[in-house]
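A single structure is presented below for examination.
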Amino acid sequence: MSGSNHQYAFFLGCIAPNRYPGIEAAAVRTSKNVGIDLLPLKGASCCPAPGAFGSIDLYVWYAMAARNLVLAEQMKMDIALICNGCYKSIWEVNHKLKHNDELRDGVNEVLKEIDMEYKGTADVWHLAELYYDPKIVGVKKLAESVRRPLTGSKVAVHYGCHLMKPAKERHFGNTETPMWMEELVAALGAEPVQYRNKMQCCGAGGGVRGYDLAHALDITNEKLTNMEEVGVDAVTEVCPFCQLQFDRGQLEIKEKFGTEHRIPVLHYNELLGLAQGMSPDELALDLHAVDVEPFLKKIL
Amino acid sequence: MADENWKPKIIAIICNWCSYAGADLAGGARIQYPPDIRSIRVMCTGRIDPLFILKAFQDGADGVLVSGCHFGDCHYLEGNFKAAKRMFLLKSVLKNIGLDDKRLRMTFVSASEGAKWGTVMTDVVKTIHELGPSPLKEFAK
Amino acid sequence: MAEVKKNEEPRIGVFVCHCGTNIAGSIDVEAVKEYAKTLPNVIVADDYQYMCSTPGQNKIAEAIKEQNLTGIVVAACSPRLHEPTFRNATKTGGLNPFRFEMANIREQNSWVHMHQPEEATAKAKDAVRIAVAKASLLEDLVPKSVPVEKTAMVVGGGVGGMQAALDLANAGIKTYLVEKSPTIGGRMSQLDKTFPTLDCSQCILTPKMVDVYRNETIELLTYTEVEAVEGYIGNFDVTLRKKARGVLTPKEAEARGIVGGGCTGCGDCANVCPVIKPNPFELGMAPRKAIYIYHPQVSPLIYTVDFDACVKCGLCVESCGDKKAVDLEATDEFMTVKIGTIILALGYDIFPIEKKLEWGYKNYDNVITSLEFERLICASGPTGGHLVRPSDGETPKRVAFVLCAGSRDSTGVGKPYCSRFCCMYSLKHAHQIIEKIPGAVPYIFYMDIRSFGKQYEEFYYRIQNEGAKFIRGRVASITEDPVTKNLHVNAEDTLLGRPVDMEVDMVVLAAAIQPTAETEKTRRLFGVSCSQDGWLLEAHPKLNPCGTTTAGVYLAGVCQGPKDIPDTVAQAEGAASAASIPIHRGQVELEPYFAQCIEEKCAGCGLCVNQCPYSALSLVEKNGRTVMQVTEAKCKGCGTCGGFCPGGAIWMQHFATPQIVAQIDAFLLGGEE
Amino acid sequence: MAVKKDYKDQKLAEKLRDRKYYVSESNPEFTKDVEKLGQTAAHMCYQCGTCTGSCPSAPRSSYRIRLFMRKAVLGLEEEALTDPDLWLCTTCYSCTDRCPRDLAPTDAIMAMRNLAFRRDIVPRNFLQTVQLIYKTGHGVPNNDANRAARKRLGLEEEPETTHKYPEYLPGIRKILDHYRLKEHADRILAEGEKP
């Protein structure tokens, strides 16, 4: 089977492997179940963080992201990744370098110092868009891979910002009222629910989480409140940084503002893992700051 | 890249209703472009006999621009379409006689596209500058 | 039959215009003049501040007489501007006006190379040399005079088209008024009141509709579309498609021998019709039957069958009885009419504002468009003039108006231009809810209030005084409360510098306007250009705003660009006046750029015949040989045949092969090194 | 030029500071720099406020992205770069998606942050990320608790990144050193908090 599988160089980023390893474990297994092989991208680094690096020196950001791209080019493979922040860095720098000769020449001058050259031969994909793409996986195949439907659970979707926006550069179209992630959630048997201002940012991006935590959390708190308003059992996203903000953020919000939320936060790959029959232990869900148990009770 | 000081000789044969009007509009809007192109006005690009263009190259032209209305916009229904077919064939003739077919260009600029006319002018001059003087130049005269 | 006219030795006069500093500012006019003197055939060269002035023109006429000139070159602005002027001057000097050639050294030189005087001067010299080469080979030509059909046509029966048709008819010109929908009246008939006078739209429009219907000089053709157009100014052949209406007018009934029959507009048919469809006139907010009229004031008052919806049950036929007006087997009919001049008054559509997803139109019940507001606030509308929330039928108290909804938008989803009347009608809407709903507050989200017309700024003051609230900020997004269906309008009050979250009961989007779906097809039929935004292109934005580049075709109303009612009517009257001129003169002169066959070169191959888009060419037998012959009245002078003839046997008057080749040679072989 | 008030009471002088806008305060180069780095035609902004109306940070702070656009257009470099609000953009790009003038205010903010950094104006957390990446290749590096969890999941303790292959780190450091980024970060952090 694996011979006919789609193969990608798996770009891990930082937060998934180093804070939520369950996402990494889930991604490799769940994607294999639907015909995708994720192969190690040896020696990859931080994408680097678009907020932190882009804010202080865009040219360093270009060069560092280009290095990661070259690693994939050397494998003669496209990149698949699981984080919106990584997507912004890796996809967007790839896009810019492909379309701007001046920028590419500048980057290559720096890469020459470490015997590398960016050629623009690799494409970059978020695993979630590969799941949705019927030419690769598609909602139907995804649904067929489900062993334990998440029936009876209400799940809010958080799209995050850096996957689909800015819309004019990306290829996702509608960034005001998208529904494709809801389709991905529905494929697992869960009920996707709509809530107010669903496209709002988690609050963490652009270095704001590090710069002014209370400010970032206030945005997060607004989103969590909007989700609670319609009653959800969990929120799912495709960005470990958003996950960190929602998950650890709930503890921080309680500590700083005295407001309590209890919404389990699951990366879509964790959700998919559960639906495909992985156990909570196999996903290290105990590492989550917000107890996932109430959600598990609904579905198990 | 040719000598910076070299001034190419480029001739534009353009239709009265769209491209000539568009060029006038560029003037009204004071859109600045390189001064290397000389225009001849015809009523329609359909009037342009391919022999005119061969004559221009024979005379040593470095480039020829033919510009008319957008398809479907021709004042005479389909003159521009016929011109485009002729230019397409002519390009293969140019290649056969060893002339870079980029020296002949056909564009479609409407009466409302002054800015586009400026872009076309700039672009044509740039292309011809990159190609350098026509190899036929020495046979002229 | 043309032959290469052996000119006597050419004697050319060259005149270089300064155009104040427009030309002289970046071109060395003196140098160009001196250069001209060195050119072959040039007898005299002169310059003048403004060649188009009377003294300038006199110079030309005098030089022709004094120097016995055979050709004139003026280096000045674009021939599209002043060629007629200088042709006249040439004629005044006693020379055939077609012995004049213009070198464009302003629009295509001094204005576009303002900072390169040396290059601009060199280019001007080349332009003069090219023009002299052509002028040396120019020949006498005589314009062809053709009679003008004393009939006009107006396409589009909105207020602009109606006005134009009335003006033409009242000037004694038989006029066809062609309208695609079953009634005239257009957009204006959908409006409740008009700004700034607040008079009732229907009240001022219906008398005009009746005037049109009653006017014997107007032939009103509703439910009719233009199918094909042939010919040229004075002699258009327009083919019309009379769409199958399924209902006979009294006249049509009489023609079929049904005495006293035909539709009287009684409506018995609609009463029995079992098929219900949304009424497009009410923007789908009210029903109509498969046999219908838009509204009670339609003109003509004749019902129409929607054959896409009709189930042909025959109940209507039965109910119509002896009038026998309903014909369910009707098919489209075609007619061709001869027309002298044509006015296009094609109107506009509303931009599909649901494409701006952030405002939730069609997603949130209580977000409506301004045109829907007009119907809802109109006493004859679907709610009898009671403005209600679509979600629950409640009367809204807080209403937000979103201006520039899709206008002044360069994202590609939306229109870059100002739609020009949204500010004013939104002010009017604000007035209407204050007047009709006690305690209601309109909130107007605007970027600029463009109240440019007569009494418009005063109207703005009035609405402000009546209590409308103005928030200077473009609406960023609208969200809906899922329970109350109230709307949260998010924007920045840019004057306060604070974000606004305003909860309202209803939002009205002042959606941008765009050319109608049929405009593109129609303009191509008539050979009219459009600008990049799709609006039809006038011949000159300032000096010929009603004309087009196709002689005999004129523009009225919004199809030329956004306009309010006063401007539309004014342009319609202008277009009617322009369109009546050729008809009253009775004849027009066609530029004599005809193709001619050089018979001794013609091999009779006939390849050119298929090239001609106007079927102006044919093969004939002459002196035992097959040669091509041109029907001058059909030839429009494009030269497509001349560009194709393998034997060089076609002589394009004024654009003849030797003339063009002389221009090419003059540029490439003749210059200074 | 703003009127200088050499009042002996410093507090009063500050309170009554000349607040008029003078053209001499603008630096046209600033507008150009923002446009080049941000790759957006900031001068085409017509100040409609769609950006601020879309901004998740605006309702909870004094951060007004429209005003930053205004300052970029007017060349008010000093005012823009020293404003701590500059760092409150979460880069969510809602403003960019909705801007009717098709501009990218987010990228203009990123450009202004770059320009601020060139003047050593930068919050500490950004620099700490630089130091971490220099050291480990990761902005959020591995730790012992996570290593244990990875083991439990059957993953290797170190992911297949620079963590498992530290031989890639010198290359990364070379890139950062090329731009002297680590050097600047160390220096600025040593000098103490700036904004």
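Letters A, B, C and D mark the chains in the order given here, with residues in each chain numbered from 1 onward.
As a working rule, a contact is a pair of C-beta atoms (placed from the backbone, for glycine too) under 8 Å apart; a residue touches a chain by one contact, two chains touch by 3 or more.
Source: prediction; values computed, not measured.
Interface comparison, A-C against B-C: more C-beta pairs in contact at B-C.
Per-chain CA centroids place chain B at a distance of 48 Å from chain D.
Here the CA centre of chain A is 51 Å from the CA centre of chain B. Chain B and chain C have CA centres that are 29 Å apart.
Across the assembly, chain D contributes residues 94, 102 that each touch 2 or more other chains.
Multi-chain contact residues of chain C (touching two or more other chains) are listed as 358, 411-412, 477. Shared interface positions of chain A, i.e. residues touching 2 or more other chains, are given as 168, 176.
Going by the touch rule set out above, the chain pairs that meet are A-C, A-D, B-C, C-D.
Interface of chain C with chain D (complex): residues 358, 404, 408-412, 414, 447, 472-477, 490-494, 497, 499-501. Considering their complex, residues 78-81, 104, 106-109, 111-116, 119-120, 122-123, 126-127, 130, 524, 527, 529-532, 537, 549-550, 593, 611, 613-614, 636-640, 642-645, 652, 655, 657, 660-661, 663-665, 667-669 of chain C touch chain B. By the touch criterion given at the top, residues 357-358, 360, 363, 411-412, 477, 479, 481-482 of chain C touch chain A in their complex.
Chain contact summary for the complex, chain A toward chain D: residues 10, 12, 14-15, 17-19, 21-22, 24-25, 40-46, 48-60, 63-64, 67, 110-111, 113-114, 116, 161-162, 165-168, 175-176, 199-201, 203-208, 210-212, 215-216, 218-219, 222, 281-284, 287. Interface residues of chain D, counted against chain C in their complex, comprise 46-55, 58-59, 64, 66-67, 94, 98-102.
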